[in-house]
Every structure is written in structure tokens, then in C-alpha cells.
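Should a chain be cited, it is by its letter among A, B and C, assigned in written order, with residues numbered from 1 in that chain.
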Amino acid sequence: MRHFLTTEDWGQDELQAVLDRARALKAGASSSALEGKSVALVFFNPSLRTRTSFEIGIAQLGGRGIVLDARSGTWPMEFEPGAVMDGDAEEHVIEAARVLSRYVDMIAIRCFPKFENWEAEREDPLITAFSRHASVPIVNMETIVHPCQELAMMMALQEKLGDVKDKTFLLTWVPHPRPLNTAVANSAILMASKFGLNVRMLVPDEVYRLDERYMSAAAENCAAHGASFDLTTDVEAAYRGADMVYAKSWGALPFYGQWDGEAPYRAKGSGFMVDEAKMSMTNNAVVSHCLPMRRNVKIADNVVDSPAFLGIEEAENRLHVQKAMLEALARDSETI
Amino acid sequence: MRHFLTTEDWGQDELQAVLDRARALKAGASSSALEGKSVALVFFNPSLRTRTSFEIGIAQLGGRGIVLDARSGTWPMEFEPGAVMDGDAEEHVIEAARVLSRYVDMIAIRCFPKFENWEAEREDPLITAFSRHASVPIVNMETIVHPCQELAMMMALQEKLGDVKDKTFLLTWVPHPRPLNTAVANSAILMASKFGLNVRMLVPDEVYRLDERYMSAAAENCAAHGASFDLTTDVEAAYRGADMVYAKSWGALPFYGQWDGEAPYRAKGSGFMVDEAKMSMTNNAVVSHCLPMRRNVKIADNVVDSPAFLGIEEAENRLHVQKAMLEALARDSETI
Amino acid sequence: MRHFLTTEDWGQDELQAVLDRARALKAGASSSALEGKSVALVFFNPSLRTRTSFEIGIAQLGGRGIVLDARSGTWPMEFEPGAVMDGDAEEHVIEAARVLSRYVDMIAIRCFPKFENWEAEREDPLITAFSRHASVPIVNMETIVHPCQELAMMMALQEKLGDVKDKTFLLTWVPHPRPLNTAVANSAILMASKFGLNVRMLVPDEVYRLDERYMSAAAENCAAHGASFDLTTDVEAAYRGADMVYAKSWGALPFYGQWDGEAPYRAKGSGFMVDEAKMSMTNNAVVSHCLPMRRNVKIADNVVDSPAFLGIEEAENRLHVQKAMLEALARDSETI
């Protein structure tokens, strides 16, 4: 039995097999991999695309998705072993994971970090605890990484560019009114580096470095492919010759949960919106962003509405890559 | 491809065809018009009947409904073109509509007006924007009109009265603790007038006129049928000889969003509850109200519990007319 | 047509037949008892297991469950006959029950008491009103009793102990930060007594007696079986020789809704957590608790994690007993 918690646990070949299968599914292949099976979709945070694409994808595989809204529909959950549960939590993840494992054949979880304590939250404690106590496969629907989005992005990139090896991938920080989760940024560099692209990160300041876990993993992936991995604050150096621009905003980890001190660094990126002038410096790059996306704050309307924008295709691909991944997990699982 | 945003866009013959099909479905006809298809049901406001009847109706047609609770389950949405999205909205309806169109085969939307600015809200901006950017049919589950309720009402009326032409339809304002959306009132006069009934509106004061868009449309419909269209504040004149009494409460548009000034006008209607004394003035009329309905505030118990009350039948008909309308849209749509 | 509101309305033989069928279903028997049917699942309170197990169970029987979140997804409801509805409630249960009966084939309801007025709430007014006005079977998903949990508990007990007659069942009050609903405690003594176990209740003080309706019913059930029924505040007397320990916390009815005065009595039970020392006094007893359950507050980790703990099995059994009960109701119902 295997989980899909992070692409760090999966080889490039394995992920490429999932992508290839996703392309076949997008082209119309049918599958009954989940015939008569159920998947719990547990949401600790809101969702539009994830929920819809999982629920429909599961149904298209012959199964049924049960959406559990863990913000309001269920009880607060404890995940520390040995906790004396005299606080808010009415239930331990041990029981939740065991019981759900009796009812369903897979459990997918969305649980964003709480912006309280990065040292604890960088361990992704809730989904990790679920994976320890469940007896069915666990799928990550976004925690501190967003591996389904990674697959969808890579699928869109391969659809457009074919072989992506040796192309140049730019992850650019973009403005947003609030500091956000680093999950999609972590995921973008994990995936681009795993597939052999040269990876550049453009940030307003060094404080926007991602967690060392992901910086190191990406650097090692790039090195293994003979590709480069760079972090820069120089807009022109970053955009020059890029083949793909991936936009994302995130909060600087040194100010995690106490964001007031971040304001001056954030101000340095006020001109970082993706626009036509910046895109003109690239190698005729494609551009994308996971959705939701603030128009004219992160990316200018005329870039979003141009043929270079892959965001809608990437969003559609969520459906196909998730179906392919659920198929793969069902095949590998003794419980299915 | 065609949307069902308002009955204003549909001819009487087309709507009658939907009603005829609904009657066949109610009598037991089966249909697999949505076999293997999905419909997103997007709710910006609460629902009991609408949600249940859509979800079950879609399933009975062989499809699957995905309920998206847009109050809490998804992101706030922008719908102005060109907006610089630095406020609350995380997502533009352009992306939401395009992406949902990749996942599902139809999108149904409930979005009540916000009681902030009638000049803007009378354009029904959210559902209109969705219909512009989606590539699948859009269905109105109540915005500033409630066209599914119109169909259900007309079906109940035809079941009871047969040919409704030249009958007299009274829309009476009734008390309620708060000012409400005008959607069902707008819809009642649109539908009754389209089917050739004489239409009377009984209101406590002229300030309760509905928006001119609907007053004019109803007056023109009536004129085209040689039927009468009247607004009155005289209870006896309104009820005398009526064949159907439709009860509904709504807020007066001149006080839209600043309701304090409405109180003295509202007080004039304190005796407007539908009761046996008023019903005795009619031509043995039937009576109805969309649900939910406050008993003994809008309609007295002994009228609700009498055989003249069509409200339960009308509510059941929601299931049948919606199935018939979804069938019609699926037939007309290239995407289905 | 028959409802499942409380096990008080069902004989031991009838319940045993449901349990026997549940065991067959757990062993793999299939059923299409709800083929093409729909069940409304109406939740006035949160749920993890109940919702998931009902939704999956209904699907496994060939039907479809429609989850209605009555806390936020629908309108507040009135249930007093003749009420002048000028308060918060927009809808009377009469209309809700009648309309849902037109759409679905069964209605399951969760509605906890409000902790306002036990004299009124002990009549279980909402589900009772639903059962009066609906024309389809009503199923209790927990109100002031929790009959599905009773069946699941008895099934787990019979799986472990075989014939339970003449065994000794201890319901022990356990600590919890807040006063809780008495439903599961009421249910535990109803069910254990109906199946002929000797029933002991361990409470910190006499003020934790359950409502006389349930105390009398349990005492009568025990008497009919020649079994004993005791309430004690003596921990050792309670545990000594017990075959099953069932843990549950609840609020003392004399302080219902005005809990401040309960604190000194609650303090007397501060040592009532189920732990190894207490378990060592039993007749090698099994132990259980409905979920959710606070570890190390209600039951110590080393008891929960021991083979004596039946809580996960009991939770799984919810799926099987509910399927068996829905089958039985469908068989008895003219509407199905």
C-alpha cells in the first residue's frame, strides 16, 4: 500500500507514468478502477477546483466521493500522541483514521498550515498522523505541498513544450494583499527540478527563500540532471530566456505567523506582477498560476487572456492527473 | 447552446413544452438525458427544496450533481471585467466559469441580491457574468428572478385549473418581519402574464411597485393576450373574483438596503395576511406560496391546511419542471 | 410504515433480527434494498461517522443519500402547531416534512437538544413532529437517544461475548470539560437492559441520574429478564465483576442549561477516567465508547490501545446496522 503525500516519495519515472496515463484519460480513455469503492474527501480548508475535480473524477472511475467538511461539519481533531485531550479537540486522529479506514477505500485530505509555528507545521503533522494510523491510502489535496497541482502543472507544460528537459522554469513571487501558504511554491520547485528543468526563483528579498527542505531537494534534483538552480532578486536576470513563468505569492518564513515585520520586504516586490513587459524578456514563455488567482495583482489581464496562459488547462488537468494517481494507488493497494 | 436565466428569454410555447414534459415525468416517464454527465450546483445562499430537488432530479436523469457551497466552501468571487483584485475576492468569475466548464456539463447558480445597490444588482451581475464566460449551459436557481419556481407554480395551476387563459391571478404582498428579495414576486407576474392571465398586484402602498423591468414586461405580456394588468392597494378590489391568490412578501425598492424608512409603508400592510375572510371574496380561488412560508403571518393555518392550498404540490413540481428543463437544455447544447 | 425513532418502540426479537442481518452484511452479503431510492440526511449538528456511514451504506444498498446541513444550509424551523411564525423560523416542520416526503423515500435526522428547557426537550419535539407530518419513514441519527449507536454497540458486544444474557454491563460516567447530551447514556441503558444484561450505572453523585423515562424503562427491562439494575457512586462496587464497561460523560439534569451549579458535583467524578487499575477489578471486561472520544480524559491510552477496546469495531458496525435497519424499514414501508 502506498500514499501520495508528496512527490518527494515518488520517482520521475513513476510520476511520468501517471502523467502518461492522465493524457490517455484526457483523450477519452475510460476506467473503472474505483468500481464500488468509496473515497473520503476531508477538507479542513475551502476548495472549488479540488473538491469538484476529485468528486467528479472518482465518479468517472466508478467510485463515490464523500465530502467531509472538517471546518464545520465534524469535530476538531488532536494529532499529538499521548495527548491529554482536555482542550478543544473532541477526537484523536488515531480514531478518525482507523474508523474512516473501515468505511472507505482511500482518504484524501486538505489541511493548510495554521500560521502558528513553522517548526511544528513543516512536519505536516496532521496528514502524517493520518498516514500512520489509516489502513488505506492517503492522498494529499494540499497541505504544505500540493502534489496534485504539481502533476497538473507538469502535464500542461509537457502538452505545450513536449520534452521539458533543459528548459528554464521561473518561479516568480508575485504580490498579494496577505502572506500565503508556501505549498504551491514548494511544489513548483520540487516538480520542475525533478523533471530536469533549470530552475530560477525570483523573490523580492532573500527572506522569501523557501524552507531548506525544499530548497535542498530542488537543488539536488537539478544537480542530478546537470541543470542549474538559482535564487535571484533581479527581475531581468530572472525573466531573460525563461521558457515557463510560474507565478505564486507566499509569506516569508522568518516572519511566519507574526507578519508585521514582513511589510518592508513585501514592499520590495510591489512591481513583481507578471505583465507584458516582463514576458517580452522571455524565450516566448508560457505562463501559469494555480487557481484561484487575483487578476491585475498577480498577473495582468492581457497576459492572462493571451494564448501563453496555461492556467485553465492546468486546472482542467487536475481532473485527469488525479484520476491517474487514484488508479495507481488502487493498483498498488492491498485494501482495494 | 442555451441558458435558463429568466423566462423573459423563453417563449410561451417553449415553456409549455417544458411543462408538458414535466407532467409526463411526474406521471412516471423515465429519462437518461444526463447519463454520465455532471452538473455543478453553486449556492451563494441557503436552500432546502432547491438543492434536494436538483440533486435528486439530476440523479434520476442519470447524472450527478456536485453541490458547491459558495458561502463557506469556496473563495469570494470578483465579477467586474478589468478589476484590480486587491480586495476580498480571490478569484474572478472568468476563471471559475471556465474551469467549471471543463469539469461539468451544466452549472446551476443561486445568488440572491446583496441589498446594497439595486441599480447594480438589477443587472443580475454574477449569473450574467457566469453565462458570458462559461461554455456550458447556466441555470438560474434564484437570483433576482426565480424561473424554476415560475414553472412549478404554472404547472400546479394548470393541474388544478386546466386552461389558465383569461383567469385572474392575484399577487398579494403579505407581512414578514423583514424586507425580502423581490425575485419570486418578479417571477410571479412574469409567468402569469406570459400565460395570458389577468394579473392583479395588491400592495400596501405604491412604493411596493416592482422594478419597471418586470412591471413593463408583465404589462406588455398581458396586453398581447388582451388581458388586464393592475396594481391596487384595495384589498376587496384585489380579491374579488380572483381565481388564484399567490402570496409573497418583499421589500420596497425605494428603501433598498436602507430599510428604516420603509417601516410606515410596511405598517399599512399589517392586515394583508391571506385568511378565510379574504378568500371568501374570490371565485373559489386556489392559493399558493413558494416555500419556506411563515404560517399565521403570511397565510392563516386554516387556509394553508385547506384543499385550496397548492404550495406542497408546487414544491413537488420543482423536481419535475427542473428535470424537464435540464433535458431541454441538454438537447439544445452542443457541449452535452 | 414504521419509523426508527427509539428502540423503546421495537421488541428485542425485532432488533435481534436487524443485528443478525447486520452481521450477514458485514460478512459480505449484498443488498439492493434502496435501488433507485433517495434518503435525506438532515443534520442540525456536526457529524463524522454518522454522515459517512449513512451516505456509504445507502449507496451500498443501491440508493442515494442527500446530505442537508440544517445548521447553515437551510432555514430555521418551527415545530409548534398553530405558531404565529413572526420569530426566527422561516419554515414550519409541517411543510418541510411534507415536501421532503415528496422528494425522498426516507428521512434521517440528527437534532441534539438545545440545553434550554429539558421539560420541553425530553419530548424530542423536532423528530416527533417530523414523524407526524412525513409520509415516509423517519430514522433517528441522534436526538435525546442514539438508537443506531445502541445497535452498533450490541453488535460489537455479541461479536465479542456471544450470548450477552446475564452478563454485567457497567455504564460509567467519565470526565469531560463540558456537560454533554445524555443521549448515548440513555441509549446504553435502554439497549443493555432490553437484551437481559445486569445493568450498573456509576455516577459521581445522584444528580447524574438520567431522566426517569429511561431509568424506569431500563429497570423494567431488567426486571422482565430477572436481571439487576443499580445506580451507584462506589467505583469499586461498580467495576467489580463487570463484563463490559461503557464510558460516557453527560450533564446533570437538575442543572440543565444552567450548568454553573453542577461544578461541585462534576468535581466528585474527577477520578472517574477508565484506566488499567479500574479495569483490573472487572471480569476481564471489554470496554467501549461511542466516538468521538477524548483520550486520557475519558479513557486512558493504554486501555484504548488494548485488545479489550471495542470502540473501532462498534464504529464500523454503525455502517452494517444502519444498512440492516434501512432494509427493514424499506420492507415495512408502503412508500418504498
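Simple rule for what comes next: a residue touches a chain if its C-beta (ideal position, glycine included) is under 8 Å from a C-beta of that chain, and two chains touch if they have at least 3 such contacts.
Nothing here was measured: the structure is a model prediction, and the numbers come from that model.
Enquirer: Same residues or different residues where subunit A meets subunit B? The copies count as same if more than half of the interface numbers are shared.
Expert: On the two sides of the subunit B and subunit A interface, the residue numbers are mostly different, under half being shared.
Enquirer: Which angle of rotation, from 0 to 180°, maps the CA atoms of subunit B onto the equivalent atoms of subunit C, to the nearest 5?
Expert: Value: 120 degrees, nearest 5.
Enquirer: Could you work out how far the Cα centre of subunit A sits from that of subunit B, in whole Å?
Expert: That pair's centroid distance is 41 Å.
Enquirer: Residues of subunit B touching 2+ other chains?
Expert: As it turns out, subunit B has residues touching two or more other chains at 72.
Enquirer: If you look only at subunit A, which of its residues touch subunit B in the complex?
Expert: Its residues touching subunit B are 43, 46-49, 51-53, 55-56, 59, 69, 71-72, 177, 291-297, 301, 311-312, 315-316, 319.
Enquirer: Would you pull the subunit C residues touching subunit B in the complex into a rising list?
Expert: 38, 40, 64, 66, 68, 72-75, 78, 82-87, 89-92, 94-96, 98-100, 102-104
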